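For reference, the structure discussed in these notes is given below.
Letters are used for the chains, namely A, B, C and D, taken in the order the chains are written, and counting of residues starts over at 1 for each.
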Amino acid sequence: MSSRKPTILFDPFPRNEEMVFDEAVASELAELSNLVTHFGSRAPDELVDDILPEVDIIVGQTAMPKERLERAPNLKAILNVKANWEPNIDYVEAQSRGIYVLSAAPAMAPAVAEACIGYAIALGRRTVEAHDKFRLGKEKYGIAGNRSAYSLFGAKVGLLGFGNLGRALVPLLEPFGCKVSVHDPWLSNAYLQSEGVTPLELDDLLSTSRFLFILAGVTVENEGFVDRARLEQVPEDAAVILASRAEVTDFDALIDLASQGRFRAAIDVFPEEPVPADAPFRSAPNILFTAHLAGGLHFSYAGIRDMMMDDIRQILAGRAPLRMQRAEPLQAALMRSR
Amino acid sequence: MSSRKPTILFDPFPRNEEMVFDEAVASELAELSNLVTHFGSRAPDELVDDILPEVDIIVGQTAMPKERLERAPNLKAILNVKANWEPNIDYVEAQSRGIYVLSAAPAMAPAVAEACIGYAIALGRRTVEAHDKFRLGKEKYGIAGNRSAYSLFGAKVGLLGFGNLGRALVPLLEPFGCKVSVHDPWLSNAYLQSEGVTPLELDDLLSTSRFLFILAGVTVENEGFVDRARLEQVPEDAAVILASRAEVTDFDALIDLASQGRFRAAIDVFPEEPVPADAPFRSAPNILFTAHLAGGLHFSYAGIRDMMMDDIRQILAGRAPLRMQRAEPLQAALMRSR
Amino acid sequence: MSSRKPTILFDPFPRNEEMVFDEAVASELAELSNLVTHFGSRAPDELVDDILPEVDIIVGQTAMPKERLERAPNLKAILNVKANWEPNIDYVEAQSRGIYVLSAAPAMAPAVAEACIGYAIALGRRTVEAHDKFRLGKEKYGIAGNRSAYSLFGAKVGLLGFGNLGRALVPLLEPFGCKVSVHDPWLSNAYLQSEGVTPLELDDLLSTSRFLFILAGVTVENEGFVDRARLEQVPEDAAVILASRAEVTDFDALIDLASQGRFRAAIDVFPEEPVPADAPFRSAPNILFTAHLAGGLHFSYAGIRDMMMDDIRQILAGRAPLRMQRAEPLQAALMRSR
Amino acid sequence: MSSRKPTILFDPFPRNEEMVFDEAVASELAELSNLVTHFGSRAPDELVDDILPEVDIIVGQTAMPKERLERAPNLKAILNVKANWEPNIDYVEAQSRGIYVLSAAPAMAPAVAEACIGYAIALGRRTVEAHDKFRLGKEKYGIAGNRSAYSLFGAKVGLLGFGNLGRALVPLLEPFGCKVSVHDPWLSNAYLQSEGVTPLELDDLLSTSRFLFILAGVTVENEGFVDRARLEQVPEDAAVILASRAEVTDFDALIDLASQGRFRAAIDVFPEEPVPADAPFRSAPNILFTAHLAGGLHFSYAGIRDMMMDDIRQILAGRAPLRMQRAEPLQAALMRSR
């Protein structure tokens, strides 16, 4: 468009160079723009304040309250590469200024969905226990070793939350012929049906799902809503997979009930990360633990870089971004993030 | 058809009542037929010899050489519920007499395919190691814990053998967008292409697959064909899943190379089962072990019962069976089975 | 395998060179075999009798009663490239001799299924009438012109017969979200459900289908079974597509009811072909006519040649054929063919 | 949320009661809101001006320049039920005020896509000509009648424009195994690839597509861009389907080239509608004409009503709309509409 070279502020913390700024990104951005980068922490105020009058695109979760937006007359887009919203942006003001506020969350979702399928099969089959028994020479073969095994095929599956993670999980479940139900208070029944899933009230979802995937983000409204009473509704010996944010659950109750054998669980996210070395739940039985590993693969970061660069090119060419997800101002402002 | 009540010999060993003769089966067969059952071993010769002049349907892998077939003038079908062929039937003679020889193998395949997806994701993510580290407080989070993790999405996948297992696996891989290649010497390239997979020479398959699924049955021709030299072609750090029969591999070489870290492996079948208590490979690193658990779920046996009863009804009504798989005389006679 | 060059009799009438014997086929077969061909009629008896002692493979619907089979000790396969069975082969005897009797019918089915989708949309939209009105300047626009239009999306679809045509049609209907029901007396309910369609009694199918596809082959048992009384059950203004064999219907009643506006129809097959020049139904309203054009495209013949050559190569290599369909002796003997 | 009853202005012209205001809609809206309706023309200025201070939701394409938006402090959403954008709304200003501007276009797309499949099959098979010949007793049977027939199976398909219509068409093409290429100047190659289609330059698309679907909306930038020179690039005897807006083509050239037999065409939209009674192209050969019938079925209007009501409920409940499509301010302002 104009001959002026655009300015990009690249402030991606907690993402780092390995994740979002490989050589291809670095060289293309350097060619496309006056590029200012800051890694290892959020960009200091002076750096941000300096660049506001010029900046066209911000990559990262830089704090952008209204007064900063007012000082950024050329700002066209904020690209959040962290994959969840923080309350440090005035989303409504950004929208009113025609600034795209975009998230790379969809690039993280496939890897999380893949992990969820892996957790579900491992729980249904009790794969970790079977492996441990084999190591110890205590294995049983065939049906004798599968007395408590069950399958995803034809199973009742419940998704708590139907954002990017749920939408990415559904196609992976499809060939298993599961009956997929969803509870998501932000989404209408008609919408859910149009997506091919069955809307269900929370209590019904909890009490009928053989596989329960907790995929809801945490907002100021839903913290701890999967509490002990609700977890007690889960069918005996069901499989509960927690893959979004620990804060939506009563985490102690989750550990407690799974340990008692009320259900099986896979847990990838924790109220505090890193988990304290001496956290007693580390040895809780009946639970498959991974350390927030579901989404953060090289594969996902390649997806983020791909989406990010594609949309930067679109925006600099005066066209609408296509790949990253747009903030819903009402909802983004409700999200809680560490 | 005729008013004569048909005779069924139900001789399903090594299948037992729990697997293939639940109440619904028992009561329907008792109503449909003069039913003779034997469990816990193969039916003794005298029992078989006695029933041959009358028998309409045999369920099980009863030995049926030519001379027995000659003594069974009413025999319409042999339903193998064990899911692989044995050489104790004269398949050619049975075909020439218009006797359907059927296998329930397709009912086992979905569960095995599901297990394979579970193994593949667990290997790609190193889930068992991640879980063990978490138990010990040695976990790393996010990308730091995923340095060696890789995904099924978009991966090169190789299937060694494309029988029931391979065909059941392909739809589960589809939503991951994998490039699926197959080597199967009994199948033409054009056939494989018509099934949506890419035919590949054995060496190419071995040397290019990030995920290698060994799904071939064992025949008199292919014992041990995945030998050390071939296993050494597997790409560094690939994931090798052995889910059909251990005899197609040089099992010691497989253990050895995986233990050395040349690749990751999941192993569900063994040269000797039960595995000797003191087998040294029980503690081999880099391998996910399960004890022949991939297929034998209640879910699979329900499928077998469903197929079996459906085809018994068809045959007794004078119609062609639909659900179980027909023996290919040329191939069935080549299969080796324990 | 042996060094003896095999003999092939290529006797494909009513198929001709254009259809099944292009240059590639001719040159490959000439190289693979001692090739004897006959076009333009069925091979004369003396030619057949001469070749029987030598022949390995017959391509075509050559009459092969038991006594000819007995004189053909090397015969391994009969490849019917006509796509429906005739009663001129002793199917049971062929099976008992281990001779593959194969049909290219699956290669015709996709084109017929495509045509069926085209007919269904054209009937639902009344496309031919709309076009004719436009030519005459009598068209109406938008909803005014669509008062009687309906869509495949979400429609109740009934398939009468579920052989190759039905199975090829189902995937084309899938993205329309139709509720697909099937009536086929040879197939069990459990089988139909395992194929993802709903089994339905004939009367229910006829009386509830918005789109009714008549796809059944004609046998000695079912001639004329879609008679006037049954056609009168079809819902008012439904769309009836006849794409298999006219003989399964009371053709006069079909014409009569469609002409009266009881339902819309598309008809591709006729009791007598060519249709007599003065057949009064040529001008019957409410019917879309095509002259047995649904299946016989170059595209289909390419598919036949591909399957045929692939299976010839398999058989000559001592392997089982993979692509063409095997005769079900019980059923093949019942088929009626012109 | 608040106890104030919301106000809805329902001004849907050119949509009428039959299309968007059935009994269910009328009664639900009357209950939910102070409902003001106007049918048969755009609502007169005085009516609009009167309601602006109160109105919460406008259904219809009411002119809403900036100065009207300024006078509508409660306005939350404008729901365009006409399915294409007009320049009579200040889209940027609406966005800056957080007003959802929504279109029901996605509800029209499935019906248009279905019609496109019908046109494509009819053109490939020459169904209308075949039918006309049969009427006249001039038909040929089988391959003799199919000399110029071709199939969608495996065909090269080009989509000119990849908005709602293109996205709705792709799943219907999928079971045919087509190679689907797309040209759309607003969309990046990476985006198109992520949607499973192949991006292609305009000239390549035109010159290689056996089936060419013209699905682009008309903007101030692209009027007539499919001109004579470009149409001359279309492969000999290809099938050209025009289903979006005639204005993107040189319509005379399109008629001319199709009439000459350079390619086959189906045309559903015209530069002037109704087409003048004496328009000479009415009798042009080689073209299948319908009178803007592709989208406007009862089925589509049911979809519009469903989406509209679902989003009205969401918005009145303080949640984000889910079903209708959001205006892209940059693009909406470029659209030309009659």
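In this text, a contact is a pair of C-beta atoms (placed from the backbone, for glycine too) under 8 Å apart; a residue touches a chain by one contact, two chains touch by 3 or more.
Quantities reported herein were computed from a predicted structural model and do not represent experimental measurements.
Novice: Select the chain at the greatest separation from chain D, using centres from the mean of Cα atoms.
Specialist: B
Novice: Approximately how many whole Å separate the CA-defined centres of chain B and chain C?
Specialist: About 35 Å separates the centre of chain B from that of chain C.
Novice: If you average the CA atoms of chain A and of chain C, how far apart do the two points sit, in angstrom?
Specialist: Spacing between the chain centres: roughly 51 Å.
Novice: What are the residue numbers in chain B that touch two or more other chains?
Specialist: none
Novice: All pairs of touching chains?
Specialist: A-B, A-D, B-C, C-D
Novice: Please give the residue numbers of chain B that touch chain C in the complex, ascending.
Specialist: Answer in residue numbers: 92, 95-98, 186-188, 190-191, 194, 306, 310, 313-314, 318-320, 322-323, 328-331.
Novice: Write out the stretch or stretches of chain A touching chain B in their complex.
Specialist: Touch list, chain A to chain B: 18-19, 110-111, 114-115, 117-119, 121-122, 125, 127-128, 130-131, 133-135, 137, 139-143, 145-146, 149-154, 171-172, 174-176, 273-275, 277-278, 282-283, 288-293, 296-299, 301.
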